[in-house]
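For reference, the structures are reproduced in the following blocks.
Look at the two complexes coming up: chain A is in both, with chain B in one and chain C in the other.
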Partner chain A sequence: MTMPGFRVIRPSSVDEAVRVLADNGPEAMVIAGGTDVVPNLQMRLFAPRVLVDIKGIGELRGITCNDRVGLRMGALTTLTEIAEWKFVERCFPVLGSAVRSVAGPLQRNMGTIGGNLCLETRCLWYNQSEFWRQSLGGCLKKQGDVCHVAPGGQRCWAVWSGDSAPALLTVEAELEIAGPGGRRRIPLAEFYRNDGMNRIALGRGELVVAVHVPVSSAFRRGVYRKLRVRDSIDYPLAGVAVAMKVDGQGICRAARVALAAVNPAPQLVHAAAERLEGKRYSAELVEEIAHEAIRTAKPLTTSASTPVYRRDMVRLFTRRALEELWQTRRGNGEKRAG
Partner chain B sequence: MGEMNVIGKRMAMTDARAKVTGLGRYADDLSVPGMLYGRILHSPHPHARIRSVDTLAAEALEGVKAVATGRDAPTPYGILPIGHDERVLALDKARYIGDNVAAVAATSPEIAEEALRLIRVDYEPLPAWFDPLESMKAEENWIHEKRAHNIEKEYHHHFGNVDEGFAQADFVLEDRYYCGEVTHAAMEPHSTLAVWEPNERLTVYSSTQVPFYLHRTLSAVCEMPMSRIRVVKPLVGGGFGGKSEIIPLEVAASVLAKKARRPVKITYTREEVFYAHRGRPITIVDLKLGITKEGRITAAQARIVQDGGAYCGYGPVTVLYSGALLNALYDIPNVKFDGFRVLTNKPACGAMRGHGTVNARFAFESMLDQIAARAGLDPVELRRRNLLKAPCTTPNGLRVTSYGLPECIERVAERSGWAEKRGKLGKGRGIGFACSHYVSGAANPIIRSNMPHTTVNIKIDRDAGITVYSGASEIGQGSDTMHVQIVAEVLGVRPERVNLVAADTELTPVDLGSYSSRVTFMAGNACLNAARNMRAQILGPVARQFDCETDDLEMRDETIVSKNGAGVSMSFDDAVALAMVGEGALVAKGTYAPPEQARGGKFKGAGVGPSPSYSYSAQAVEVKVDRETGQVKVERVVAAHDCGRALNPLTVDGQVQGSVYMGMGQAVQEEMVWREGRLMNPSFLEYRLPTTLETPQIESIIVESIDPEGPFGAKEAGEGSLAAAIPAIANAIYDAVGVRITDVPITPERVLAALRAKEEAEKGGAR
Partner chain C sequence: MTKELIRLKVNGETHELAIAPNKLLLDVLREDLGLTGSKRGCDDSSCGCCTVLIDGMPMLSCVALATSYQDAEITTVEGLARDGELDPVQEAFMSWGGAQCGFCTPGFLMTTHALLEKNPDPTLDQVREALASNICRCTGYTQIYESVLAAAQKIREKRKNEIAISK
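On to the complex of A and B.
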């Protein structure tokens, strides 16, 4: 498959990138690792006039971590770099667990954390070739006016399929964004709009520069459980990230549960935090939170697996993750999903 | 047969170095000066009349050198003489989403794709048929006018008397089995480079398993004599049946090259490979089986419906294999078969590894376990009690000459720890057993003739190098290496002395192709005969010089010596030089045709199933089932395969492992998903082949029954082990968690639903 014609611009600083993005507006697309953008270009999901290749911007690289500011990961940090970062298991096990589950080793070597947090939403009716989509008359998200997932509706249900975002939600990450008006920091949760068509809150000329995780959420036990057919390569059919702090008496001191691939955005299960804090383990409580998780999940027929099964697995994975983290003495050991 | 030096040794394939270093050249790696890029326009409708195709704007685009439509190549074709129902580009009707409507050749791929966007096709959509059982009832809007009720072919066979057989049975079981559609998923997408030569000839380099049939078809469609067309097969990156008939791009590239008078290359996108398809059809098997309480099978009855897609392809052969190979694995006195090949508005199905037998075998081996449970018999013991007494001929006329199944069963039972493990692996773990078999080539050619199925030539000239010319097609299975081994063994030389020229219609004699696991048996026998002829030509002059009989001489270690160690010793080079005196270059020929008695019965459809020899396989599989997710993990496979003799144990192991892998993919995760004739997963991301990470330990056991007619006793190794993998997994799941899954693929959803249904039933029973 060929790609549409475009011009490539390689800015060498964040300021220059912002200027190029602001000048070109919707005509420009950012490319970093290319693992999401390139196939989408081949499928003609986009036809940008300008591709802004940010790989040459040094400021966007690298991991720093200290007890003053916590963790900072430049947007160009590759998923492999995060997986191999020597403190990831000790400080943020949920993040290590999630990034290791992304695609396969080749994609993790190429793919960046910034790109993974800005992933396009996915749908079986959308991530198809130009020929395929046109044979159907397009869909709401692209060149059509019908949603094949929820016919009659005017909302796009393409799902959030990134694995790192739910993990970072459970450790209360923030994004550093550069734009024509300077830098701003927003909680990651506010970055996602839960709209398959317009997934993230990035304005004209804006670029994700870094991800920050506060010191206060370090050392939480954590795990990401991912429903997929192949452990080797697949996007999530559903994903559950859990991070929690448990004190010496087995009492939960902090907890977050977040979901992937069952909504147009990665979503925190809001009830989990308050219901778990200050509590001791009980099977009933875990089941209650698992039930809250499926109230948050709204899977539709956007992927190969059925919505019913994906809801079932969200409940099961939430339960399993909580049991594993709460009941083991050091709950950051990872087991295989499922 | 004395001790052998090359045959039976583990030898790296002759093309391995080129492949692993990336230096090997596949069709898409080829380019020639002035080459154009071809692209094909596909139908967006599953069933539509084509009122007109307007190509004017496309032709006007700068860089476009040729545009072709159905009118440029109206001659219909098809792999079977009874099924010439395809045109390279649709003439009047499009019959599936992805059907070929027009083609463009341009100076760049981008321009060619842009040109496709400029072609205007006026379609009149027609009602379409997607479900085979519905399609069979169609009273109108038939996909092909001449195929009433959308039935491509039906066959009804009855051997013995099943009514009497079932009457003798103590246990009779009936069930329905469903197998979803799967495709070959060869790593190499199809690619063809068609070169219009200055002397008005056409040279076609193509990723094909069947250069000879391609040659014939191009001659018919391009309206050129075969003598002006040359077909060359470069390296092929896997076929598995998906390149075993004529694929539209091969003809389209040739038609465009002829029209543009320029070289044209077309390489399919992965999505187009899915539309070209020719894979394993959706199959619905209604099976009935009867056994006595002693465990003897008294009768088997199968009604098999295959959803063939929009064109005939190999369809009638596929459905006939599914019936014929109900026989020749076990001793079954009474067999009834009703087979239907049905047309639907989807890409055409065809031959895929284990052609026709796989889904029927899944049903049969599953049911053997079900009925063994009913009768209180060990499933392995049930199989032991129904073995053939070979050599024999089955009621449907299949001649079994060598039969390693008993040894396969015993060795797998022993190695897998069957007796200790069945029912005792603990919670969520189980072991399952199944058998399968396959042909070593079809005894009857697709196009009936009395010519040999293969001819092999060998030439030796003054360099004393040995050049073997064979039409056989290496597709990754080891065909080339097999030829080299046989010649090196017979002539007593190092394999490095042997050079193979293969699959080039200008240079090599005809071989029918790499399908139905025919190459080792047939091309191997032709090659063996050619090598023996060459041996006689070399030994004759040596015997005369030393005044002895040729029978007294042997060729080994690059020398000619006396068998009894007395006197004669001459280097291979000197012997060849001697033989060339007054003769010049030495040329030898060998052929192979299956013997008359292997060609089967005379009833309608009797031509499919007969083979000069059959391979046998037994497998034990261990699985782990997660009762809460329904996920099945295949943890260990022990697979024994009777390949007659392993000419190259390394490649036999590889073929057995590859077959098991492919069967496992179909068993637990692969399926083409359709919505109204639209393929929902035309990519390797969504059509989920297992990767190495999902592939378990596969222990292969080679069983050598030494077939009386195979080359050095060899028979097929590439397909027979596939079919057993699927039912062995289903049977292991039953052993693990007590649910019987009759639908493939055995997805977590299906397992979970079955587990919940079982729980409900048990609760109900307890009330």
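On to the complex of A and C.
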């Protein structure tokens, strides 16, 4: 496949990037590592007139962490940098576990956390070449008026397929966003719209600057489990992130469960937080939360695997993750998630 | 499309080129610089055949816009051999049958080279992990892993000798 034509602008500061983005509106698109944008451009999924390459903006780089403000990761921090950050296993094991499961090592050397949190949603009927898509007359998300996943519906079900978002939801991350009106900070959970066509709450001229994680959610035990076709490289077909705090008596002091790749947004399983706090481990309780997880998950035929199997895996992963984190002292994930 | 004048540093040599802003690094290497070692193997950035080193890090040149990497040191497979002498990784791939049809080999060589620069004594698991983005359809990987471990040993021996000589 070939690249469409566009101009490239390389701003050197956040202010300049915001100005370029605001001036060009929907004609402009941010490119960071490019591991999502470039294949999508080649498939002609979008046709920006201007590509805004943010890689030259120093303020967007690097990880800082201290016990006053917690963790700050600049939007350009690569997934490899996060995976190799020396405190990730001790402070935020769920994050380490999730970023290590993204794509393969070469994509992680290029892919950034900002790009991972702003990833396009994916669908079997969308992530295809122009030729392939047009043979079906397109779909709701692109050049058509029918959803092949849920014909008759007016909603796009393309799936949230980023792995770090569910992990960051379990540690109450916030996004720092720059725009024409200045900076704002929002909880990550409010960033996602659960709409395959309009996935994130970024306005005209806005740019993700950094991800923040509060001190209060450090040191939670955590793990991310992921279903995919090839363990070495593929996008998730289902993903479950769990983070929890367990005291010396084995009582749960905080718990969050979040899902990827089974809805158009990464989603918290809200019942988990309420029902686990203050409780001791029991197999029934864990099974109850696993059941809540599959009530949150709404997988449809958006990928090469069946909805039934993906739901089953969500239940299994939730159960196993809770068992593992609660019953053993282990804080960190397995080398291979899933 | 209006071309842009860019400067690229590849294998230690600086080139001035007029290229279209949408041109990928892989295509600039192959078409403008005649460095055809890096390959395009897939259409969705999932095969690793186009791997080059960008400031020492193995990356996919098929998702890199050439204009974005003007300040970087780029190394392709053509830049691995020094003064007519093959890199230990290249020698090991030859001796251990690490290449069959050869199409994926440049990518494997680059990823392996970067791994062994960072860790000259990897375990088999670490090798598998590091090479997970590179796909080979011929070898079944066993000979590739053997080649990597053999190269690692060679590099360790070479370093030991160098230290002994400098003492």
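The rule we apply is simple: the second predicted complex is superposed on the first by the 332 of 338 C-alpha atoms of A that agree within 3 Å, B and C clash if a C-alpha of one lies under 4 Å from a C-alpha of the other, contacts with A are read in each partner's own complex, and residues count from 1 in each chain.
Heads up, the rule we're going with is that a residue touches a chain if its C-beta (ideal position, glycine included) is under 8 Å from a C-beta of that chain, and two chains touch if they have at least 3 such contacts.
Worth saying up front: this structure is predicted, and the values here are computed from it rather than measured.
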Chain B versus chain C as contact partner of A:Glu27, first or second or both or neither | neither
Regarding the shared-chain residue A:Glu274, is it in contact with chain B (first), chain C (second), both, or neither?
-> neither
Once the structures are superposed on A, label A:Gln107 by its partner contacts, choosing first (chain B), second (chain C), both or neither.
-> second
Using the touch definition from the top, say if A:Thr35 reaches chain B (first), chain C (second), both or neither.
-> second
For A:Ser232, decide between first (touching chain B), second (touching chain C), both and neither.
-> both
Touching partner for A:Val8 - first (chain B), second (chain C), both, neither | second
Could you look at A:Glu84 and tell me whether it touches chain B, chain C, both or neither (first, second, both, neither)?
-> neither
Check chain A for residues that touch chain B in one structure and chain C in the other, and list them.
-> 1, 5, 104, 129, 232-233
Using the touch definition up top, name the residues of chain C that touch chain A in the complex.
-> 1, 4, 20-24, 43-46, 48, 51, 57-60, 62-65, 67-68, 111, 125, 129-135
Okay, in this complex, where on chain A does chain B touch?
-> 1-2, 5, 104, 124, 128-129, 131-132, 134-136, 227, 229-235, 304-306, 309, 312-313, 316, 338
What residues of chain B sit close enough to touch chain A in their complex?
-> 42, 44-45, 97, 109-110, 113, 269, 271, 626, 628-629, 631, 669, 673, 678, 680-682, 685-686, 688, 690-694, 748-749, 752
Taking the complex as given, what residues does chain A use to touch chain C?
-> 1, 3-8, 10, 31, 33-35, 38-39, 42, 51, 53, 55, 80, 103-107, 109-110, 129, 232-233, 335
